[in-house]
Structure formats: structure tokens, C-alpha cells
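A short write-up of the structure that comes next.
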Amino acid sequence: MSSTWGKNVNVSIFGESHGQAIGVTINGLPAGFALDMAELQRYMAKRKPGGNLATPRSEDDLPVILSGVFNGKTTGAPLTAVIYNKNTKSGDYENISHCARPGHADYTAYVKYNGANDYRGGGHFSGRLTACIVFAGAVCSQILKSQGIEIFAHISSISDVNDTPFEMVVCDEIKSKLDCDFPVINDLAGQQMKERVKNALEQSDSVGGTVECMATGLPAGIGSPMFDGVENKIASIMFGIPAVKGIEFGAGFESAKMFGSQNNDEFYIDGDVAKTKTNNCGGVLGGITNGMPVTFKVAFKPTPSIAQKQQTIDFKTDQNTTIEVKGRHDPCVVMRATPVVTAATAIAILDLLYEI
Amino acid sequence: MSSTWGKNVNVSIFGESHGQAIGVTINGLPAGFALDMAELQRYMAKRKPGGNLATPRSEDDLPVILSGVFNGKTTGAPLTAVIYNKNTKSGDYENISHCARPGHADYTAYVKYNGANDYRGGGHFSGRLTACIVFAGAVCSQILKSQGIEIFAHISSISDVNDTPFEMVVCDEIKSKLDCDFPVINDLAGQQMKERVKNALEQSDSVGGTVECMATGLPAGIGSPMFDGVENKIASIMFGIPAVKGIEFGAGFESAKMFGSQNNDEFYIDGDVAKTKTNNCGGVLGGITNGMPVTFKVAFKPTPSIAQKQQTIDFKTDQNTTIEVKGRHDPCVVMRATPVVTAATAIAILDLLYEI
Amino acid sequence: MSSTWGKNVNVSIFGESHGQAIGVTINGLPAGFALDMAELQRYMAKRKPGGNLATPRSEDDLPVILSGVFNGKTTGAPLTAVIYNKNTKSGDYENISHCARPGHADYTAYVKYNGANDYRGGGHFSGRLTACIVFAGAVCSQILKSQGIEIFAHISSISDVNDTPFEMVVCDEIKSKLDCDFPVINDLAGQQMKERVKNALEQSDSVGGTVECMATGLPAGIGSPMFDGVENKIASIMFGIPAVKGIEFGAGFESAKMFGSQNNDEFYIDGDVAKTKTNNCGGVLGGITNGMPVTFKVAFKPTPSIAQKQQTIDFKTDQNTTIEVKGRHDPCVVMRATPVVTAATAIAILDLLYEI
Amino acid sequence: MSSTWGKNVNVSIFGESHGQAIGVTINGLPAGFALDMAELQRYMAKRKPGGNLATPRSEDDLPVILSGVFNGKTTGAPLTAVIYNKNTKSGDYENISHCARPGHADYTAYVKYNGANDYRGGGHFSGRLTACIVFAGAVCSQILKSQGIEIFAHISSISDVNDTPFEMVVCDEIKSKLDCDFPVINDLAGQQMKERVKNALEQSDSVGGTVECMATGLPAGIGSPMFDGVENKIASIMFGIPAVKGIEFGAGFESAKMFGSQNNDEFYIDGDVAKTKTNNCGGVLGGITNGMPVTFKVAFKPTPSIAQKQQTIDFKTDQNTTIEVKGRHDPCVVMRATPVVTAATAIAILDLLYEI
């Protein structure tokens, strides 16, 4: 099994990078929810190559809804959308049918599937599949928003450049700043990040980074102890995004260096609402939301596809060899990954909300 | 739902800290496996208060196997073990029935369960429940070991003191060093860590830390793309351990600062085995093992129970108040958490191995 | 995997007939529900050997609640109850460790578990395990009843004797008739059934029968199309009861002989409630309740343990042989199976109710 | 949740009768299996209106494989196929948006989905969706056949006419008889069945019937006790087929009338293979196969769509009214349901086979 996630809201993702189509089926959506299709496309556009530019996009990459929507509203039956693959140049991939690109799943997929996997463009392992997560998450986001729950994310770091972290409230100014294809809070940091990416590209290299995500408006009491908690669920979907290598909630790894007296978030009553003065726990205690924003950070490794010669193996002949990964690749996945993180979060939170 | 984990190997954990018993049912174990009960108890002893001392322990805390074992071998039917709770002083907990200990789940559990949760000693949220994970993981470890798969862990850091990280091979000397109740590779670091813990205790405070874990002997090809990969599974069970706030595989958050040319692990053939020169990916590419050790690090927050006065709320009256958490608490959970991490890893890996 | 059932309400059953204990963990129960323990025992008593007699029972067979109940109310954490096995005479079972009792799982368990299964008394396959279903179902029944949902069952047939079927309403007179250990609507039929059982016993034989079950008070709109419908769920749990060989909803197999004009249940408005004039569909259309009682019938094969000489095999030597099943066995399981059917139904319906 | 089934092999079905498309995603298929596309279409053709005629079919109704197949072989990634809906006349369905057709899910779907369901042609509840089960089952059948497992079915009864039941071996003559769109063993019975259908049609009525199914070649030891047994799994998928109202394994309801001495299947050794003289248990003991053919019978109610005036309700106005169901409908679903039964069985058995 591989590509389905969720208990109450379930997404089942299919497709290969150079096959006929990629797509997703969502089970468990409420019936009668009016989808805002324009907003859906805006959300998806942020993940697209080149970002959310003003120029009109080719319609090719738009999802086609096959089921689950009637008269503009969800029917309650499974909602399936597909994105047809076009203009794929599959000839370029003959070498990766037997040579492992370092950092990619070519070798591991070969072993798991006895060589039957569709290796073209990474097949089912391709980052292209994240478009399906974004579609599903965009749908879930609209439902969450109608209940007062919003999810924000920014590029927290690229290479050695860090953005300003979220505070406990996302003001309107920051909201508008994040609504773009290179979302940062600190513009100067954003400039430096872009330089890091540009420099990496010029050196036929790539860079990694982190995304910070925050969900606001969640009531206290969502989640479960032990294995179905907020952190388990979010972590388990987040590692479904290619290149993710780590996740931390609240102060995360930093809290491992703290004293208890520093790390504990003291409670207080604000009006009739329980709040905490700090949010080192990331809004989650014992797997359950405490009413503060749920916050976490996700680490992305640098794009493995680089135009440098690398040592590797031919796994069909078991010989050492070298490889140069050709073609045009993003020198950093973090920008395009940001909407994938918010989308995956939306799916996880809707699933959590629907748990009795 | 809350307290079950796993698809092929499933653990279902029950119990409350001051109830009659805690316990675990394991479904999906192979039939006919001869359990080494002495080894099982040795494994469990590492998690116990005070560590694996030479003095004989009271039998009270030993698991009683109720089902699933016949003539010393697993029957293939569900294996259930319980640990009866004894000598619990429940009177001490009246205050947490309405006052939230900062960093604990008192408030979130109250909200989720409308006040019906067993709050005594943290109830189902208590760290005591990890004894059940350790039992189940100890069983799974024996099965894995019979297939050449071993799992090691050490205290990677406490407060600001770091241990030497794992290398790609765990030599016999290190293996023997890790087989104790304060497993570190660097003895000096170990001494400093103990001082940090002692100092924290003296100041009525606590400290956090990290555990590094490594699984060796896993063949390439285990795991799945997207949502059922090695990382998803391990992360999802790991956040079931109280106080865990982050997880990273391989270079993890560090790889987010790297260039692709640094982070990519180049392949080579060693004899007829594919290996990588470095292991920044933590043995996992595309959710699937590449045959190198699976490595990851887990962040634990400092013990929330500290003997200092803290500001908090009475959630029954919605008033601000203060609390001092009394009783004897570990000033650092990391030592006792180490066997919990290896145990949870064993469960996750056995589940992954049994996936077709 | 084997012995867990349910998505929203999950029961996980463990134990072997002659092991230390049998038991069940229930996940997903609502918190704060006050259990009526006397009613729980009354429910369980109906399944016991000899029926619900007035004589005081030995306490041996009473379930011990280990977790999930605090101050008489459910805590929301997993509820586990165990029944300790006592006075088991395991010596009698040596022969079935290698000889297959016809109609029993001795041979199939041997093959599946490579001979490691606990064969004593049927091990995990024993009808004794149904006590766990009854316990879990008794808990679920109380919750359902608090919401106006009740489940009734009677012995619909034994051998060639049929009881009067349920009508669409269960009047108080019938309710009181069913509240015993031999529940029938028609007393004369009940007498004849008892004779059939007695005769079978005298001839060292056994008889089968059917149980008719009806759940009232379910609102319309519960269930799902395709695979998670009312019928799928109830059927899937019902075949977890040993000796069940068939299930039919509403008119069931009889409707296969009908014309559409006979079988279709015409709707009408009664006050402001939609009803149907007949209930051939058993209260379910498209997997979803229509507001009428959910009705179904379950077929039980005759007890396979009979005191006659039967031809069989020794599966360790692959030789033909004969067997006589000794010991005291119920010549008909249907009486004691009736509360198991209602209990399993209660679990399934609570699970369905909690589906969003 | 609704429309996914299976643990090891998982099918997720989507689509509505008059939406853009229906389709299915299959997770868990082995990689590298060469699909016989011609055989796949032959299998699917049996379910089509009019049966498997010699005349060329319009390509409209053929499934389009979007993913999971590369160079004619399964890739191991999710296999998705869609069938696009064409020439749908949706105008005819306005009345069922508020009037309940007796025997259909119009009312129950309206209640469950608060009126947002796509009611046209029954929407997601339409029998058309069974084409997706047939596609998935046709794929699974090929995999099973490569392992020596075959699944046969015939029309066991229509109205009051019964076909000859299966014996324990399906000879070549019968195999060839069953490979058509009206599979019966006894030709005379087949003729009479066709008359019953014709007569029903002439009287603006419909008839029900039963399908008997048999799976051969399954080794002993497949399945599990309690809730994941062969019977639980097959029953749970079978009630996913619209109009199914009952299922019985082996002698089923008949065994409820038998003595144990009649019903027990005595074992014997045939060469070195354990067999039973009779197969009243339908090849399953304790949820696990015993090596004999797995046999069961499924009851289908008469087609609810009949051209007679029926009393019903307008569920938007809560008024009594009448309805005449117009359009061309099969007066009996059993013929077209036969390949659906074998397909669903193939899915269930492959899932069972892959259970460790």
C-alpha cells in the first residue's frame, strides 16, 4: 500500500509523472459545501513552476473534477480530480532506468518493484504528484476556513538565511505578504534567499530550506492521546511530501536544550478563554490542541537533481559509474513546497476535526 | 480513537496511570516465535525508574502475558500483556483535577473528555503507558534480531551537551556501551549530561534532550512512496511517546542548510552490495530503505513537572491561579525514553517489513 | 491480523480458551457515560452456560474492568475488560493437537499457524471468546439505549421449528418475553425447539438454527453507499461469531424469489415521518437506514462437537483416522448465540452512528 | 467514508452515474504483472447491457487506464482506470430529486447528504458503479489465475427457477458453459429463467435471483479467526453490490436446519492432500480456508425500477404521492451481477492472500 492517507477524510493519490494523468480521490468530505473554483485555482497556482505570475497559464495543468461535485457543491460522494500529463519528454529518462540519481528514489524503487516501476521523471515518486496534495488541501482549506480555521506558511529559511518566525497572531499585513509565490515575512531575508537560490543555480547546485506553518482558529480539544494525536497525524502526512527530512512542533529541537521552567507554557485566562503566554508546545499538549495556534516547521533537503557529475551505480549491472542529471530543475523546492505544506496540513486538520 | 498503531503489526495500548492496570495487545505477530523472557525483562528494565540496576526489582512491575503465548512461543493469536498498578497514591492528584499543570495534558484532556478523564497521575496520558510500548517493542525486537535487524539508540544530547553521533557501523565496543540505562558513546559527555540533570533537579527544574536511533540490517526495498514510507511510519509512532516534539531523519534539519552537492549521498558498489558514501538521507529515499542504516533523531522537551511555582488556570472556574507540582519526578525523561524510542522503532519496522 | 473490528468504535479481542484470560479493549467510546454494571452483568449472563438462571453464579466468569472507567463513568480512554480463565481441564485436548475435529478449526489453524496455535479448547477460535463480544456489545447497547436505539433478537428457528417473525413494532409483551435465556415469541415453538435440542443430545447429535435481530430507533441517514454501509458492517462483524454461515437483511433470500412489485417497500408519510408499508429491505436502502427497523437473520450451523465417531485425519502424520469428541458440549449454540448477535449488532451500530 | 475496500489490496471507487466519469484506484497490486488487456475487456463485457454479444461495442464504455501500468505491466504504484460517462440524459431525473423511488436510495441519500447528492440516475448509488468493481476484479482475477486460483459463478436462481448447484469440481464442460452472459449449468433451467424475466418485463415488473460463486485453487490456511476471516471479507465487499440482500457460505441457511452429524464435513487424505467428503462449510473453518473450494451464494432483490405506479413520498414536501419509474431498466439484475460477484470475490481473495 502506499498512497492513501486519512481515516475520516481520506485522500488517495495516483499517477506517474509521465503517465496519462495524476489525480486524487477524496473520501469523507461533507455534502453540500460550495466550492470556490477560482480560489481553488489560485491556491494551486502557487505550486506551479515559476510561481503565481500574472501571465495567463496554459489550461493544461488544471485539475478536471470527475466526480463528487454537482451544481458547484460537494455531493458527499468521493471527489476525484485528475490532471492530465502533456508534453512530457520521456526520451530523456532512459539513463535513470538503470543509473541511480543520488538523493532520488531510482534505486530504491527499482529494488522494491523489481524494476517494473515507471522510472520516467521519477514516476509515482515525482514531485509532480504534490499537485494532487495541493488540490485536496485546497478543498479542505475552504471547508476549514468556513469554520474559522486558517493555515499560514512562510519560507522559514533557505540555506543559511532565516526569515522572521511567526508570532502568535498573524496580522493582516503579514497575511497579504504570504499570499504570493515566495512568501516571507522579512523582505530583506527574502531577497537574500533568492540570491542563495540564484547562486546555487549558477554553480549547478541546489539548496535546502525550511517551511514554518501555523494553523489558527482550532478550538481546544481536537486530537487524541498516543498515536492519533495532532502531531502524529501532521507528521505522518508531511513525510509524504518528497524531500521532507524533519518536522518539529512548537520549539521542537530547541526545546530539547531548554529548562522546563523556560519551555513550559504558562496558562492564563483572557476574557473567558484559556491561553498560554508562550507557545513552545506548538498548540498541542498530549496530542490534543490547547486552543493556541498549531505551529510546526518542516525541513526540506536540497533538490537532489543537480547538473554536476556525481558518482553512482548502474543498478542493473551492479557497476560503479557517474551521472549528470540533465534537464531544467528547481534549484530549491521550498518555494513551491510551501503551498504543499499548507495543503497537507489542511487535510490532516480536517481529518482530526471529524474525529469524534 | 486513540491508542492503536499499525497496519500489519498492530499494537493497542490501554490503561491509566492509577487505574487497575496498563497493558497492550499485539496483533499480527508471526506464530511459533520463541520469546526470550529474560531478554524481554532486561529490555523493559531499562525504562524503569532508577535504570537497570543490579539490585533485584520488585516483581510488581513485570508484565503478565494473558494470551498469545503457548509453550513459550507466540501462537499467532493476539498477544496481550498487562502490568498491574500498585501502591498508587491517588490522593495527591486532587488539584490537577481542576488546575492545569503547564506542559501537561490536564487542560486539553479535560476539554476533550468533558472532564470525565481519569486525571490521576495523568491518566492515559501518563509516561507510565510507555512501558506498554517497550513491552511490545521488546517482542518485535527479538523477531527483528532473528532476521539480522538490530536497533540502537543513545542519548544524543541533554541540555547543551552533545554526545558523539553514530557512525555508519556500530562496533562491538559501542554496542556494549549502549547496553545500559544511560547509553552514551562519549563517556565525558555522559558525565556532563548527568551533571546537567543533577543541577536541574537542584534548581527544581528539568532539562530536555535528544535521542539518536539507528536500525541496521534492513534490506533495501522496504517501505512505500508517499504516505506509508519508513519516515511516515516511524514519525507517526514516535509522536506517540509523551514529550516528543520533533523528529529528523539522516541529516534532517541540517540538510536544509546544505547544498545538494553536499547532501546527496553518492552510491558505490561494495562487493555486490550497493552502498552510499555518506548517509545524509538516513537510509531512506522516496520512503523506501536503500540498504544503509536507517537513522533519525528525536527531540524531547524538558519534563513539564517542576517543583517551581508556575502560573496557570483553574479550568473548572476559569480563574487564574498558581500551581506547584509536587511529588518525585524525573528531571529529564531522555534516559528512560531511549528504550521507548528503540521499542517504538522495532514496532514500526516490523510493520514495514510485513508490508507486501 | 485478526481480532479487531471497527473504525469509529473499535473492539480488539484477545485470549485463548485455556490461556490465562480472555478480554477486549474498546476504543472510541464517548467519555462520561455512566455504565450500569448490574445491567452489564445481566446482559452477559444470558450467554453463559445454563442460561440466566436464578441461582447465584460463581463470580469467576465476571469481567474485570482494567481501564477506561473512572468513578463509574467511561473516561474516553480505551476500556479494557478481562475474564480470567479458571478450572480449565487442558489434559483432555491432547488428541486435537493432531486430529481435526470435523467442523472445527483445528486443521485450518494448524496450517495457518504452522502448529504453534494454542489448540486447547479451540484456543483463540473458541466460542468462549464471544463473551468478549457480549461485554463490548453490552457497553455499546447502554449508550445506544440512551439515544433511543434498542436491539432485540429471538431464536428464529432451531432445526425445522420456526418462531413467529418480528413485526415492525416490538410491543412490551414481546419485549418481556425476549428478556430471558431462551427468547422466542411463540411459546409453543419454543417448546418444540427445546425438544429438538433434547432429542439431538440424546442421539449424540446437535442442531443448528437461526437468530432474527431487529434494531429500532435508528434515524434515517445512517450508513454509507458501497462498502461501509449498514449491511456491510453488520455482516462483517457477524461472521466473527463462530458457527455463523449466513446472513440476510429484510426479506433476504426470500426477496430473490419475489417480483419487484411485491418486494418494493412503498413509502408514506405518518405524521411528519417517512415510513414504509412493508420492510422487505430490512430498513436499509443503498447502505443507509431509511428510519424503519433494521432487521436481519443469521444462520448458525449445528454445534460441530458431537459424541459420535467421525472420520477425520491426523494432520501431523497425514493419516486417516477417527475421532470422538468428548466432554460436555451444547447440542445447539443458538440460545447462547442470541445475546452475541445483539451485542455484535450494538457494536456495529454505534460505529455506524459515529461516522460523519 | 464510503467507497473504499480492502487492507492489503485496496480499491477506491468514485463517480456518479451522470457525472463526468466513474473510476477506480487499486492500491497494493504486485509490480511487474503483465495485464492481458483483451481478457480484461472480455471480462468487463459480461456486465454490459445486452451481454457479451458478438457485435462490436462502442468504445465509449471502455476503461481508460490513467496510471499504474507501464509497458503493459503493473508498476506497483496505484492503478487507476476511468470510464467516461457519455450520452447521459439527465433531464429524465428531475422527479427523483424529490420523489423516492421505492426500493432505491433516493430518500436515504437525500437524508444523509442533506439533499446535496447527485440524484441523477442514482448518482453514486447507481448500478453503473459496479463496472468499477468489475474492472478491479478482472485485474485481480488475472493475478489469482497466475497462481492457480479461479473463480466461477452461475445464476443459481431467478424467481422460482433453480439451476443445478456447483459440485466440488468444475469440469471443462461447465467452465465453457459459464463463459457467457447468461451462465447456467442446466440449460433447461436457463430457458425457464429467461421466460421469467421476459414475463416480468411484459408485466412491467421485475424479478430477483441468486448467484452461486466458487473459488478453486485456494490453499489451506488463508484467512484469520474472528473479524478478518474469509467470510467476513467476502460478505463485507459483497454487500457493496447494489441489490444484494443476503449471503450464505457452503450450506448456509440450510445448515441451520441440519444435524451436526449431517453438516460436519469429514476429512480424509487424498494422496497427501487433506480433503473433506462434503463441503457444507463452504471451504472455510474458523475464518480460514481448508483447501476445499470456497463456495457461497448471494441473494439479489428484484430490480426496484418497475414501470408500475407505486405509492411513495415527496421528501421535500413530506407529502404522499405516486411515482412511475420511466426509462429502460433491466427487469432482473442477476445476469449482469454475476461478473460483479466474481470480480468482488477476486478482490477479496487477493486481499486475503496478501495477509501475512
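Letters A, B, C and D mark the chains as written, and numbering starts fresh at 1 in each.
Quick note on the criterion: contacts are C-beta pairs under 8 Å (C-beta built on N, C-alpha and C of every residue); 3 or more make two chains touch, one makes a residue touch a chain.
None of these values were measured; they are calculated from a predicted model.
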Path length in the contact graph (chain A to chain C, fewest steps): 1
Interface with more contacting C-beta pairs, comparing B-D to A-B: A-B
Intercentroid distance (Cα basis), chain C paired with chain B, Å: 39
Centroid spacing, where centroids are CA-atom means, of chain A and chain B in whole angstrom: 27
Centre-of-Cα separation between chain D and chain B, whole angstrom: 46
For chain C, residues that touch 2 or more chains besides their own: 1-4, 7-8, 13, 28, 77, 112, 124, 225
Of all residues in chain D, those that touch chain A in their complex: 1-4, 7-8, 10, 12-16, 19-23, 25, 27-28, 31-32, 64-68, 70, 73-80, 82, 112-118, 120, 123-124
Chain C - residues contacting chain A, complex: 7-8, 28, 30, 77, 225, 354, 356
Chain D-facing residues of chain C, complex: 1-5, 7, 13, 100, 102-105, 107-109, 111-112, 124-125, 129, 157, 159-160, 200, 205-210, 220-229, 231-233, 235-240, 242, 244-253, 255-269, 272, 274, 276-277, 280-282, 284-290, 299-306, 308, 310-313, 315, 318-320, 331, 355
